[in-house]
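Consider the two complexes below, in which subunit A is the common component and subunit B and subunit C are the respective partners.
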Partner chain A sequence: MTAALLVATALMGLAGTAAGAIAPVRFRIALSSALTIAACALGFVVGAEVLHSGHAAVVHTTTLMPLASFSLALDRFGALFVVITAVVGICAMIFRFGYDGQGLASRTASSILPLFVTSLLLVPAASNVTTFLFLWELMAITSLLLVLTDHARRSEVQVAGQWYAVMTQLGAAALILGLVLLATRSGSQSFAVIAVRSAHLPAWVRSTAFVLAVVGFGSKAGAVPLHVWLPRAHPEAPGPVSALMSAAMVNLGVYGIVRVGMGLLSGGPAWWWLLVMGLGALSAMFGSLHSATSKDLKRLLAYSTTDNVGLMLLGVGASGLFADTGHRALALLALVAALLHVVFHAVFKGSLFLSASSVHQAAGSTDLDQLGGLLRRMPVSGPIFLVGGLAIAALPPFCGFVSEWLLLQSMLHGLPSGDVAIAVAMPIGVGVLALTGGLTAFTFTKAIGIGLLGLPRTQDAERAGEVGRPMWIGAGLLAVLCLVFGVAPFLVIPSVVDAAGAVPGLHLAGALTRGWNVALPGVPGMLAPGLVAIGLVGFGGLVALGRHLVQQRPVRLTEAWGCGRELQTVRMEYTATSFGEPLTRVFEDVLSPARDVDVSHLAESRYYTEAAVIHTTIDDAFERRVYRPADRMLVRWGAVARRVPNGSVHRYLAFGLVALIVVLVVLA
Partner chain B sequence: MSTGWSITSMSAISLLQVVLVIVGGPLLLGFMRKVRCRMEGRVGPPVHQPLLDLRKMAGRERTRPEHASWVFPLAPVVLVATTLVVAAVAPLLATDPAFGWSADLFAVVFLLLLGSVSLALGALDTGTAFGGMGASRAMTIGALAEPALLVAILALSVPAHSSNLPTIIIRSLAHPAWLATPERVLALVAFVIVIVAESGRLPVDNPSTHLELTMIHEAMMLEYAGPDLALVKLAESMRLVVLFTLLADLFVPWGIATSPGPWHLAVALASTAGKLVVLGAALAVFEVTVAKLRLFRVPELLAGAFVLATLAVLSTLVVP
Partner chain C sequence: MSIMRLRAIGRRLRARPADIGDPDRGTPVVVAAAKRLRGSLQLRHVDAGSCNGCEIEIASIFSPTYDAERFGIRLEASPRHCDGLLVTGPVTRNMAAPLRKTFDAVPQPRVVVAVGDCARDCGVFRGAYGVEGAVSDVVPVDLEIPGCPPDPAAIVRALRGLAGT
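On to the complex of A and B.
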């Protein structure tokens, strides 16, 4: 039954692709989106059914690909990711009905988008190396083409596309090497067989395969230092695509690390997991610092994705570390926390990216310094962004709070385990979690306060109005989920526990939920998100009522105080740059911002200033220190190498001869 | 944990805690002001002056800047509500108020953070330079104080194997020797620094300044008037009481009621009042003797707190 549905999902997605390619312009978007929604709905049903029953959905055929079988087997762990992708996909496609992206309406984009969503849905189901790599590459290439949608209009898109192409292909190369190494050494390309035989492989094979997998999947997840494509590609991709990439695609990087590290290799030595935790800590710190100082809304969200991926990797690494030292229950707890964060991140980041695109469409910019006052002008999309922002800042009663709490708990309870590696790693983990928590609150106070509140800073922002209904429905569904999961996490936690339990060797003694509350087995005290929400609403209502009763005169609208000046103008308002300035200064050594002051003088006398303009740019340190020099070096080598083939046929014949001799010598 | 505690008594304790925080907050501020004035050789206003101020503000007209949205009037309500939720469920007077099992230290921190974020958003909503300035500075300090606070909490939670507040307090009462361990002392210092920073006291922020360049907390409430201003001021004092009481209960828990009954509660009330008076007087005396730090020196202070908290966690592992 589930197998048939899985096939139907794929076919429905392909139907969407076909519809995008051949349907007449008038129905193109509607038809391809509707078919993609249907594919996501089918995927959701399969995923939910597998999660519920625990019976894998298996599809196996040898006719689709030459020399290799095409094989899908969706277990509970993969099913969780399918469900996440399906929900995000449905919302993004609903959003697309109202989205005014000229590029995304084209024939190419309309046919590729369903293919991208389908590959996202199927990757977690792949159960042999060929199938996995095929679907993985399909996902990489379709997403690259979608990032390039608007390449003709803006040159930044081309640059973003180049970065993304290089990073994703480097990652894919690492993955191919790692997985092929595993497959050849264990004599089978089936994941199930590799999982059984991998225990007998030599340690260097296992470790090499794992490190290669971490590099490959880490680049897809956007983990530092492989994140450089993310803050470029996400802002340039059309709205629904960036939401899908950030809320569904990066998850698969985390999926892959768990699948290979804990599934295929059944866990490994402590240093593997310390490596994962280290990458996670670095990503979380670096991402949250850069998102705190970014002034472009989408760039800020992209860096915050890196930050959140870091938190997920912290959880995954902690889980592996616990499993390695024999703390099975703690290992599961940490993995559940990480996966729960994957789920919640998808929900809030999806709604944030979609509503940021709404803002872009309404106000013509995502530069926070060009926005402002949008909450009054966009009475639905504004609150959606507000909810997403509060959720990502881990504030109750929204969902981010629950997963961060669980992550903190898993580290707290891991501490007394007596192992030195754990004793060093966990306090650092908590410190990172805490610092990113504070920085995220800062970031989204800035994003909401500068972008949505106050005075509009430009004419475009002044004239902005609410976007079309499909757009706010798509983003709004995810925002509603932020609240629902934040108040009633018991709706999702058992499924996540089931999914994590599918990883071999982990088990939990007892449930993580007690009624509406989140509780750890055998530990007094619980987290009561529902109660917190009721308390907030109840006390808030009482306070508001009290305020109304003591002062019933209507609220008087006044001019805000402008330091004694007659009129308050937009020029006096704080901007995103000025808001982030104290933090930029505190972390000056890490961020090394470049300041550029242009002062122009009056013609009559140079002692009087006519205008002063300050530009602050914060470059990505990894881009500046690692990637740019590497890029320059490659170009230089290329120039040298170009001199070797100079077009002379004699020289090419000589090359051939030398190559032949070398081959003969090697063979002999 | 809820052995022998009837629902009525637990609800009564919660109610009493809420009342204590609402009334005690302004009184504590008044008391601290009195101490300061006395130290500076002035008579000073009566201790209950902040309560009178609140009554006066409540009778005035509410105003709203014309460009502000619904966030502006909502912010004070959220700010007060978050503090009240903490006051109701946290073990301030007794180890088992209603829903005490849900009083998790991390949850308390995030609830208070929600209040801070909502005030910052209310300030940004005014669209003035001051609102932005105050919000930016307050959030910077908050972002840096949070790591120190969470790691200090971790140090307290490790020996108790739980971050549940009543559990930590009950276990500390059962093992008084814990309170003198190095990690407690280190965590205590970190806590104090964070509380001073979070509640906007000297040397981080001067609550009585109205000089534009030095304002942090005051800058955020410039546009509030009437009952809204009263709520923001009330919340400020309530947060101070909640943080002080938690500090006292975590590090010197004696006096807190461990079983229901009016007698125990009376003792708890008296001891809490005593602890608050001592802490308030200490902070007031300290405030008289120090000058405000430059804004960009504050991160150093908070980084110090973070280091102390980390040391506290590490010493929980070294010292069994």
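On to the complex of A and C.
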């Protein structure tokens, strides 16, 4: 039954593609979105059924692709990702009904978007190397095309597209190498066979395949130092696409690392997982630092995705490390924490990206320094962003709190194990978690304080109004989930435990939930999110009541204190740049901000200033130190190489001769 | 080291705070403020157009000689953190609005202290074209300290009355 539904999911997605391509303009968006929603709903049903029953949905055909079989087998682990994608997909497609920006209404985009969603839904089901690579590439190419939808009008889109294309293809190349190496060495391209035979492969094959997989999946997940496409592509992609990319696509990077490292290779030496943890820690710190100093809302969210992927990788790495040192229960706990963070990140980041796109549509910009006062002007979308921000800052009673608490617990409980690698890695992991938690709170204080509160800084922001109903429903559904999962995590945790249990060799000593509470089996530790929520509401009510009773005279509203200055304009408000300035200064070595002051003088006297303009830019250190030099070197090599084929027929004949001799010598 | 230098050091070692005298208490406003403030008075100083004579005396009340801080009297930068204003000078036309804004920015209940004759009745500047009026013409004044300029000891006595110290 599930297999048929899986096929139906794919067909429904393809029908959406066809509808987007041939439907008349009037029905194009409605029809393709509705069919995509249907595909997501089917995918949700398949995923939920597989998660519930534990029976894999298997589809196998040899007629679809030449020389290779197309085979899907959705197990519990993959099903979790299908469910996440389906939920985010449904919300993003509902959002799309009201979204008219950034060229997403075009025929190309309307037909590509369903295909992208379908490939996202099917990737976790792929069960052999060819199928996986086919779907993976389909996902990469469709997402690239969607990033490029607005390329004709804005040149930044083209640059972002180039970065994304290069990074995603580099990752794909690494993946192809790694997976093909595994497939040829184990004599079969079926994941199930590889998983059985990989234990007997030589260590270097296993390690090479794993490192290549980490590079390939890491680039898709946006892990530092392979993240450079992320902060460029996300701001330029149309709203629903950026939400899907950040909330569904990057998850698949984490999926891939777990699938290859723990599934196909059934775990490995400690250094693999220390590598993953290292990448995770670096991503978390680098991402949170950059998101704290970004002033563009979507760029900020993109860097925060890197930050959260870092936390997921931290959990995955910890899990692998525990498994390697024989702490099975802790290994599963860490993996559950990582997967739970995947789920919750999808929920809150999806809602944040969708409501950021609402802001873009309403106020015409995502530059925080051009916004302000939107909470009052957008009475639904504003609070949705607020909820997402609270959830991502891991504040109770929202969902981010639960997953980060679990991640922290799993790392803390590893400390008494006595293993050197664990004793070194876990405190660092805990420190990184603490630091990024603080920075994320800072980031979203800035995003909400500068962007949503205060006075509007531009006329566009002043005129902004609430967006259409489909848009806030799409974003709002996810925001509601943030609260529901934060108060009642027992709704998802058992499914996540089941999904993590599908990874071979991991099992839990008992249930992770006890009634409404989260209780760690085997180790002391308990969280009662429901009680925390009740306590918070009660405390808030008491404070409000207390204020009401204590307050003697009515609240008096006066102008903000500006040193008694008569002329106060909105331009004098606190900006995102100034809010991040202290942090920029503290981390000057990492962020290396460039500051440029432009002073123009009056024509009559140079002692009087006419205008002073300050430009500040923050560069990505990896882009500056690694990618641009590499790019320059490639260009230089290209220029040299262009001189070799100079158009002379004689030289080309000589090339042929030399090549022939070389081949003969090598073969002889 | 010369004898003169040694004598100077000796003089400094023997120096004691000046005799300030008893705080001015008595008026209902002062009694009410003292009861409320209980030994801590934070003030924002506004120069509404003073010749800076009063500023010199105000600066000196925080010198070691008068040391008003030992009575819990402090000058603050932000009116948001203050109990009141310390206003000097006749209120010039350009300073009337800033004075009103500063007054608005002080949380209630608040006191306004007009320091010097100009603040009380414009002094020698009365009727000058750039002068809007005395401080009491712009914001309600609770306490006046006469003098041109007032003696630092007089200022400290008056503020001690407010602070209740």
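Heads up, the rule we're going with is that the second predicted complex is superposed on the first by the 640 of 668 C-alpha atoms of A that agree within 3 Å, B and C clash if a C-alpha of one lies under 4 Å from a C-alpha of the other, contacts with A are read in each partner's own complex, and residues count from 1 in each chain.
Keep this in mind: a contact is a pair of C-beta atoms (placed from the backbone, for glycine too) under 8 Å apart; a residue touches a chain by one contact, two chains touch by 3 or more.
Please read all numbers here as calculations on a predicted model, not as lab measurements.
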{"item": "Partner chain in contact with A:551 - subunit B first, subunit C second, else both or neither", "value": "first"}
{"item": "Which superposed partner A:532 touches (first subunit B, second subunit C, both, neither)", "value": "first"}
{"item": "When both partners are placed on the shared chain, which of subunit B and subunit C touches more of subunit A", "value": "B"}
{"item": "Touching partner for A:564 - first (subunit B), second (subunit C), both, neither", "value": "second"}
{"item": "Touching partner for A:458 - first (subunit B), second (subunit C), both, neither", "value": "neither"}
{"item": "First, second, both or neither for A:578, with subunit B first and subunit C second", "value": "first"}
{"item": "Common interface residues of subunit A - those touching subunit B in one complex and subunit C in the other", "value": "553, 556, 558-559, 561-563"}
{"item": "Touching residues (chain side subunit A, partner subunit C) in the complex", "value": "553, 556, 558-559, 561-566"}
{"item": "Parts of subunit C lying in touch with subunit A, wherever the complex brings them together", "value": "46, 78-80, 97-99, 101-102, 104-105, 108"}
{"item": "Residues of subunit B defined as touching subunit A within the complex", "value": "1, 58-71, 73, 76-78, 80-82, 84-85, 88-89, 99, 101-104, 106-107, 110-111, 113-114, 116-117, 120-121, 123-133, 135-137, 139-140, 142-151, 154, 157-158, 161-167, 212, 222-223, 226-228, 231, 295-296, 299, 306, 310, 313-314, 316-317"}
{"item": "In the complex, subunit A residues that touch subunit B", "value": "292, 372-373, 375-376, 382, 386, 390, 393-396, 401, 404-405, 408-409, 411-413, 415-416, 423, 427, 430-431, 433-435, 437-439, 441-442, 444-446, 448-450, 452-455, 517, 523-528, 531-532, 535-536, 539-540, 543-544, 547, 550-551, 553, 555-563, 568, 570, 572-574, 578-583, 585-586"}
